[in-house]
Structure formats: structure tokens, C-alpha cells
Amino acid sequence: MANDQQGARYERGAATMKAIGNPAPGPGRERFPGLPPELADDVQQKLVEFCFGDTWGREGSHIDLKTRRLLTIAALVSQGKERQLRGHLGGALNQGITPEELTEAIIHLIAYVGFPSGLTALEIASEVIGSRK
Amino acid sequence: MANDQQGARYERGAATMKAIGNPAPGPGRERFPGLPPELADDVQQKLVEFCFGDTWGREGSHIDLKTRRLLTIAALVSQGKERQLRGHLGGALNQGITPEELTEAIIHLIAYVGFPSGLTALEIASEVIGSRK
Amino acid sequence: MANDQQGARYERGAATMKAIGNPAPGPGRERFPGLPPELADDVQQKLVEFCFGDTWGREGSHIDLKTRRLLTIAALVSQGKERQLRGHLGGALNQGITPEELTEAIIHLIAYVGFPSGLTALEIASEVIGSRK
Amino acid sequence: MANDQQGARYERGAATMKAIGNPAPGPGRERFPGLPPELADDVQQKLVEFCFGDTWGREGSHIDLKTRRLLTIAALVSQGKERQLRGHLGGALNQGITPEELTEAIIHLIAYVGFPSGLTALEIASEVIGSRK
Amino acid sequence: MANDQQGARYERGAATMKAIGNPAPGPGRERFPGLPPELADDVQQKLVEFCFGDTWGREGSHIDLKTRRLLTIAALVSQGKERQLRGHLGGALNQGITPEELTEAIIHLIAYVGFPSGLTALEIASEVIGSRK
Amino acid sequence: MANDQQGARYERGAATMKAIGNPAPGPGRERFPGLPPELADDVQQKLVEFCFGDTWGREGSHIDLKTRRLLTIAALVSQGKERQLRGHLGGALNQGITPEELTEAIIHLIAYVGFPSGLTALEIASEVIGSRK
């Protein structure tokens, strides 16, 4: 965030994160306390700028934020990324996507990724949704 | 398709395939001419019944057919399934999803699956969309 | 399980699960307590019907139940599905597959999936087999 | 193959390849004509020694050669390795595994790896089996 | 490339591509002729800016450009991305990495990704290296 | 380790492990206490001989031990092998690779494997590096 150029992309990313119900991004050195602090900050900045500023927050986008969340969840289920899936399922609920929609989306994916990936995702969804009750 | 029970699931599947712009399912022994014919037919029946009857065609579904196609495409991009991706991108166009929406969806996925998977998917999308012009 | 058609596939699945030493399938809403209860039940029904009724329990099958378990384990090792692997290794022991056969099968896979996937699977197998002593 | 030690493992591997219907291993520099010749030979030697000598040809093995082929095929289907799958399906036929058994094994895997991986494998199996008729 | 901010990242990326022996990036609409032209250009810009400007071209980097190429190749071999692997192997040769180093790196990976992924990568390397002779 | 032939490869492997800062390999039956003891020992022997003797310890190698570690880490990040990644990151530190180099290597990979795989790897790196302080 050393100059104005980066600042503009970062601001758009942080605003998009707020709009979709994600927690505000803290400093990278707090998220990754063991890493060299400047590199940890760089990663966090990259994440905010590229994922949320340039990707989720694209100008003139042809798909809406709800579709973006479901696409993200489909990618995480397909790759078996359990840690990230937990976070994005929570974000989806914050964003107003219903437990029925999330569960139905994962059930749909079973045909395309197989039962093991699907059942693991449903176990995680059960924990995330259950923790909100 | 030996009895009425299987017939009901198969009919629902074939109707759903028609509704989403997929070609009508032919006999498995024509699709897989080298396989033992009865087993080839079984596979095709399983595909129609399970993927299209039980999954895409679920009663009281909480997500619509356009969302189901985008989820399917996200799973195929994430797994690098190039043959199947080609077919589902064509189906998506038949279903009325625009080239802009498909391209935007794959661009979104780059952040989650990396550039190599994303660029390969965009090359296939370019061929599929280009062939319709 | 709303009608007789689904009941027949479910019964075959439950019978196959018993035959291969898997625990009896309980209601989905108990397995996935955080999910919408009707959807959780649907998933469990799909699992029993499709995986165990239509797949493991296929009529006139050309491969036996022991081979089916080993194929399943190979798929789980290759995909790195640790949660599901644990369950299927336990099921294999219940089914009468020996610790020597299971270990040898995973050792075989090392050449095809690499040491990291193989060693992780052997660590899980060590825990599952060790817990039976 | 610079010394007697390597020779013993290589001989066992080549004998195992013959026993399971694989073609005899030629020199690596013929298989990989663009690579530095000594390195190409090293790779081929590694393959014969490790995969076929130490793995398929293990002394006192607890699983038979037919099971080893099916496990190998399951790993290839699960990872989507199309080039290698083609070779191992041909080898399986040479080894006396029937088209019915191979097809049934891949159908089994659909539940665990999803339809896209399964259908792609069945298309390849259809080509390999069909080419033998 | 609508404003000066994007221009700076793009210029750095294009300069890095030149430095590592990659071809100059043309317009996205030429690379992806079937896609909506503005979106195709966006993707190409993203690629130049993020992969080559922000990643390969990071200021104050702790690893050199040769290491970055080998890391990239390792990621492509591990994921089985054949199209991209072909391009990056050619780029590595342009960059001055020797055929011996590339072959040795892929041989190293066999232990970690298994023989099928390793042999496929060596077949591609044989074609790329052979075509330069 | 029943004969002199195996002993030579094992010794080379154990020496290489020492040279790169890995802990000395104990008996397989201690690492995998639940497995049949002879098979557990076989696996450990295979690991030492093939990964460290034949692979890391190759005579006349064209790449150095630091490059081999980074390639290994790239393969583990790409495949999402969290257990093994933890061990190899610790080994890399023992070998003299700096926290800055490790972090930078994983940041590089984000472009090629996506943010979810990259961020998970950075979380593990943060724990491993942090535990050494």
C-alpha cells in the first residue's frame, strides 16, 4: 500500500468484502504471525486487491455477487479446500444466501465431483450452518 | 430401462435434458461402441437418471437451472475436465446463458483455481463460442 | 423415501451395506444436524440408493465386493479424501479384507500417486488397523 | 544398468512386465528422443525397477497381479491421467481381464470420482476395447 | 489498459516477460477470438499484470527468475496442465535453463507426484526439447 | 534391508537425509505401529532408498539440493498435501533456506494454483516458521 495506485485497488477490494459480508481485512502480519512481516502484508494486500478488487469487484460485471459466491464454493468443493470452504460458507450466509440454497448447490455438485468430496463438503456446511442457530 | 420404476426417473431426466438445451440421450451402445452393449446402456441410463433426473431435475429445488449449469461448469474448470467442459459450455449457450456471463464466470474462477486452469478453460470457451458465430 | 419406487433401491442399498460390514444408515438429519432436515435426509437417501443400491449392489455384477472395496480405497487414496478413507478402511476390515492386503494395496499405489499421498494413506491405515487390536 | 545391483531389480521388473502382458521395455532414449540420452535411459530404468520390479513384482505379495492392475486403473481414472490409462487398459486385456470387468470397475468408480472422470474413462475404454475386435 | 495506473503494472509485466524469454503478449482478442473482445482483453491484461508484473516481477524478490520458472513447472507437472507446461518448458529453454536441468527437475518430481504425471511431463519435455534441435 | 544390494541404496538415502537436515529414518514399525511390521519396514526402506537415495541423492545431478527442496515444496503446495508440507518446510529451514525464500516461493505459486491452495500453504508456513523463533 506504498502508493496511490495500489490504494485504489485495495479500497475497491475492501469495499467489496464489506458488501458481501466478509470480515474487514486486517494486516497480513496479524494473520500470518510466523512469516516475515513485510511479505505477510504483501500477501494480504494481493488478496484484497486481486480477489476482491479486481475479481469480485469488477466494473461492468456480467454476473452478480451471489453467483460469484456460488462459483467460489463450487471451486472449493471440487478442489477439496476445507479451510477455505468453511470461510466462504460463512460468508455466503452473511451475504443472504440461504442454508437451503447452499445445501442444494453442494448436492448438485455430487454428480460432478463424486460422493466423497460432496459428503465432506456437506459435513462442513452442517457445522457452519449449525453454528449460526 | 427394464421396468416402470426406472422409466419414471429416466423420463424426468430426458425431459430435463430437453429443457436445458442438451441433445436427447441416445442408446449407450452407440455412444460407447467398444464396450459390452448392456453395460454401455446401463451407464447411459445411470447418467440420464442420476445426473439429469435426480440432480438437475430435483423437485422443489432451491436453485434454478442456470445456477446449476454455472456450478457444473465451475466443477469442470476446477477439475480440468476438458472434454466435458466443451459439452457443458455448448449446453449453456443453448440454455440462453450469454457468452459474456460464461466468460465472466471463468474469469472469476482464475483467482480460485489459478491461471493455468483458467486460461485452458478460456481457450475452450473461445472455441465453443466462436463456433456458433 | 416418499414412495415405493425409491423404497426398492433403498432396501437394496441398505442390504448391501450390511453385507459389506458398513454400519446401518441412520437418518440424514442425524448425520448432518446443521442442514435443513429434508435436504439432509435426501442426501442420505441418495447415498444409500446410488452408491450402495445401484453401484455396489448391481445385479449380475462382473466384479466382487472385495474388489469394489479395493477400487473405492484406491480412488480415495488418489484423491486424498482422508475422512472417507478412514471409514472405508474400517469397512474393509469388517468385510474380511486383511491388514496385509490393505497395506499392500496402498504400497502399490505409491508408484502411481506419489509418496506424499501414499504415506498419508498409510498413516491413516496404521491408525484404523491399530485401533482394532 | 551400470552394475549388478541395478541389474537384478531391472531383470525382475522386465520379467514382471512380460508376465502381465506389457510390451518389453526398450531403451529410454528411444522412448524420449528429445531428452538428454543418459537421463532418458535413467528414467526408463527407474520405471522398470521401481514400478515393475519393486512394486508389481514384490516378493511374498499379499495381492495378485489382477488386483494390482485394477488398483492402477482406479488411480489413473481418479487422477484423470488419460495417456497412461490407455496403456494400462490395453495391458489389462493382455493380462486376461475381461472387457466386462474393466467396464464394471470404471462404472463403480463413478460414485467416487464423479461422472466427468468416469465418462471420460469409459470413452477411452470404448476405444481401447473396440480396437481389439 | 484504460489508465496510467494499470499501465505501470502492465509495463512491468511485459518487461519481465521479455527478460525471461516469453513472447511479447498480444491483444487478448487475438488470443481468444471467440470470446467477447473486451473480456478477452481484460484476461490478457490480468495475466500480464498479475502473473508477470506482480508475481514474477516483484520488487526486492528473494528468489531469482530461474527458480521462479522451476517452481512454475513443478506446479504444472503436479496439476497435469499439459497445455501450459508446453509453453513454460519452451520459455525455460529461452531463459537459458538447460535440457539437463529441466529433465532432472521432472525426474525429481516423480517421487512426489507419481509415475503417470511424471512420465506424461517427460513426454512433453521430449517433444519441446527435441523441436529445438 | 535383507541384503547388501539394498543396503547400498539405503545408506546413500540415509546420508542424503542427514545432508539436507531431515531427521534420521527410524524403523517403519515405529512410524506405522498399526501396520503389519514387515510391511511397515518395507515402506520406510522404499522411502529412504527411492526418495532420498535414488532421487535426492542421484549421482552427477544437474540440480542442487536447495532446488530439489523447493521443487518438492511446490509439488506439495500444488497437491494440497498438508501433512507432508509441514515436514518439508521444517526440513527446508534446517537446510538453510530462509523464511523469506520459502514465503516468496509460495507467493509465486499463488498465480499457478490459486489463492485457496496458496493461503493454506502460507498458514502452515507461518506455523512452522513461527515455531522456530
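Residue numbering begins at 1 within each chain, and the chains themselves are lettered A, B, C, D, E and F in the order written.
What we mean here is this: a residue touches a chain if its C-beta (ideal position, glycine included) is under 8 Å from a C-beta of that chain, and two chains touch if they have at least 3 such contacts.
Since this is a predicted model, take the numbers as computed values, not measurements.
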{"item": "Any chain in contact with chain E as well as chain F", "value": "A, B, C, D"}
{"item": "Interface numbering overlap (same over half, different under half) for chain C and chain F", "value": "different"}
{"item": "Centroid comparison with chain C (C-alpha atoms), farthest chain", "value": "E"}
{"item": "Pair joined by the larger number of C-beta contacts - A-E, B-F", "value": "B-F"}
{"item": "Identity of the chain that, by mean CA position, is farthest from chain F", "value": "B"}
{"item": "Cα-superposition angle relating the copies chain F and chain D, to nearest 5°", "value": "180"}
{"item": "Inter-centroid spacing, chain D versus chain B (mean Cα positions, whole Å)", "value": "31"}
{"item": "Distance between chain centroids, defined by C-alpha means - chain A, chain B (Å)", "value": "25"}
{"item": "Sequence positions of chain B contacting 2 or more other chains", "value": "42, 46, 50-51, 58, 75-76, 79-80, 100, 103-104, 107, 110-117"}
{"item": "Of all residues in chain B, those that touch chain A in their complex", "value": "50-51, 55-56, 58, 61-63, 67-68, 70-72, 74-79, 98, 100-101, 103-105, 107-113"}
{"item": "Complex interface listing, chain B residues touching chain C", "value": "5, 8-9, 42, 46, 50, 54, 58"}
{"item": "Chain F - residues contacting chain C, complex", "value": "31-36, 39-40, 42-43, 46-47, 50-51, 75-76, 79-81, 83-84"}
{"item": "Contact set on chain E toward chain D in their complex", "value": "80, 99-100, 103-104, 107, 110, 114-117, 119-120, 122-123, 125-131, 133"}
{"item": "Touching residues on chain A, where the partner in the complex is chain D", "value": "110-117"}
